[in-house]
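In the two assemblies presented below, chain A is common to both, partnered first by chain B and then by chain C.
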Partner chain A sequence: MIAEALPLNPIARWEWVFPVVESVHICGFTLLAGSATLINLRLLGVCLRRQRISEVAAGLAPWMWSGLAVQIATGAFLFSGDPGEYLQVAAFRNKMLLIIIAALFQFLVVRRATALGREQAPAGSDGLIALISLALWSAVLLAGMWIGNL
Partner chain B sequence: MRLLQFCTWLSGTDFSVWLREAPYPYPVLLIIHLMTLALFGALAILLNLRVLGLVLPRAPITYVLQQSRPWKWTALALLTISGLLIAASDPLEYYGNRMFWISLGLLALAAVNAWYFATRTCRTITLWDTAERAPSAARWWAWSSLGLWIVLIFVGRAIAFF
Partner chain C sequence: MNTLASWTLAFCRWCNGSFFGHGIRDSAWLFPFVEVFHLLALALLGGILILINLSLLGVRFGNASTRELARELKPWMIGSILVMLLSGFLLFSTEAVKMYGNWAFQLKMLFLLLALLFTLTIYRQVIHAPRAAAGLRALTALISLLLWLGVGLGGRAIGYVTTAATALTAP
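Our next item is the complex of A and B:
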């Protein structure tokens, strides 16, 4: 309905635009989830143990945040195709909420746990923080897939 | 022709019908497929970026390789199993889908690409293992691998479009 009202939006005009933008969305997801996963696995202590936690986190953070930027840009583009319809889908609303929670958790909690100098005073909660972050990003993916499934 | 007969038979089995029509198997398979794709793709991209000197430049390349190996194999196994089951859920549909065959071809190219890295590029790795940026032959390999993965994602997504 709104897509019809916006005939100039390329995503509503040409059929192939949607899958192409969605493919970029999947590439961005790989970048975002992949770097977040590695940071969390390092925080859990299950890989790259010879590299400092802060070094792994600092090295991957720019890739993670650029991935998030790609996701927001392509996601907004996909959303613009039919905003009214998406807003009515519960999975879509859940996903938006989960993204905000996951990104805030990453920015406020994980970033602090992986900050420079943290190696000197590792906290017992680090593993838990890593697991929560992994669960949150997985939930974002789950909700995202459900949007297409319903 | 024999493959088409196999697909027709498979498509009529209870298992295939169940995969196709029960509410949960398909989305669950798709989720496993995408999550393991993300993990595998991310580790492949990480290695490429490391070879290019863009990520963790102080970690030896063989160390990054060795650390990511168990995760990569686990992801690859789950990726393959879920992919085969997704294909088994509607064999006739995939049989006639050009993008599906192209993506399988690209997958074979990715395997050749990985084999090339392991057997050719890595032959001299002791010389540049700890270098911030690998020599240009290895960097060319990294770019080709990155490009291949991106094309694979596009073609994989296009399977559902065509």
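Our next item is the complex of A and C:
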């Protein structure tokens, strides 16, 4: 069966592999969600008001995208342990969908709203964009938590 | 058993039997509800620590000095730590006696104590010292990251240690 972990997969062979990879997954979460939260709170205008939006975003963006890369890599590894089982869980499928939406929204909308020079022409929609992005990443977190609680 | 240990255990028993310990344990949705706040505050605190520590390590955020960034983020940092402490305490109270014997939880509390002490003393001093040497700033950032990482990893391990203990005591 393709949907079962290959016997050579380390995650299926040693029981300590899963907790270790999951710990890295949590560290990646802090990196991704932490940077995204601060960028969005700045865009919302509630913190770091003395710094330019573009400077906060430019400083944190590489860490946010690295965090996402860590999340995708470790997440795929965790998934490979029992693919068939995960695919049957609704929370898992929701999470995958939400990640795609949240990442696209961050890349296409938030990145544009926090681009260089945007301070000169703040738009009324900035706050809304920040709130939507915060809600999307929170939904990803919620779905991820739900997978563990099942 | 020494006095401190017996007091701690008595406190854990009291938490277990308290109305919030009971209430959250018996509810199907209260635990995940409190856990969400714990994790959202973790994201915020994580972001703040990344920003301040990167600044200590020499990454520039516009013209802002580490001191200015830290000053602006201070209420957010205190707020996120308070939310984590409160939500963490509530989660703890649902199985406080189990946590009493959980080495991962003990390790997490030790790291938490060290991280808080370090943040309130040396960390604060170095952040506010305008002429601190680059090496000292980098070392401070590194220690801060490692201590908070210890808190997080200890927290992640709690669930696995509980599982292992349950498996051992199961018939």
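Here are a few things to note about the model shown:
Note that in this section the second predicted complex is superposed on the first by the 145 of 150 C-alpha atoms of A that agree within 3 Å, B and C clash if a C-alpha of one lies under 4 Å from a C-alpha of the other, contacts with A are read in each partner's own complex, and residues count from 1 in each chain.
Here, contacts are C-beta pairs under 8 Å (C-beta built on N, C-alpha and C of every residue); 3 or more make two chains touch, one makes a residue touch a chain.
Just so it is clear, the model here is predicted, and its values are computed rather than measured.
Of the two partner chains placed by the overlay, neither chain B nor chain C lies in contact with A:104. Looking at the shared chain after the overlay, A:90 reaches neither chain B nor chain C. Once chain A of one complex is fitted onto chain A of the other, the partner contacts of A:34 extend to both chain B and chain C. After overlaying the two complexes on the shared chain, residue contacts for A:76 are found with neither chain B nor chain C. Of the two partner chains, neither chain B nor chain C is touched by A:135. By the touch criterion defined above, A:123 lies against neither chain B nor chain C after alignment on the C-alpha atoms of chain A. Across the two superposed structures, the residue set of chain A contacted by chain B and also by chain C is 19, 22-23, 26-27, 29-31, 33-35, 37-38, 41, 47-51, 55-56, 59-60, 63, 138, 141-142, 145-146, 149. On the side of chain A, the complex with chain C involves touching residues 19, 22-23, 26-27, 29-31, 33-38, 41, 47-52, 55-56, 59-60, 63, 137-138, 141-142, 145-146, 149. Those residues of chain B that touch chain A in the shared complex are 27, 30-31, 34-35, 37-39, 41-43, 45-46, 49, 55-59, 63-64, 67-68, 71, 150, 153-154, 157-158, 160-161. Across the complex, chain A is touched by residues 32, 35-36, 39-40, 42-51, 54, 59-62, 64, 68-69, 72-73, 76, 149, 152-153, 156-157, 160 of chain C. Contacts from chain A toward chain B in the complex involve residues 16, 19-20, 22-23, 26-27, 29-31, 33-35, 37-38, 41, 47-51, 55-56, 59-60, 63, 138, 141-142, 145-146, 149.
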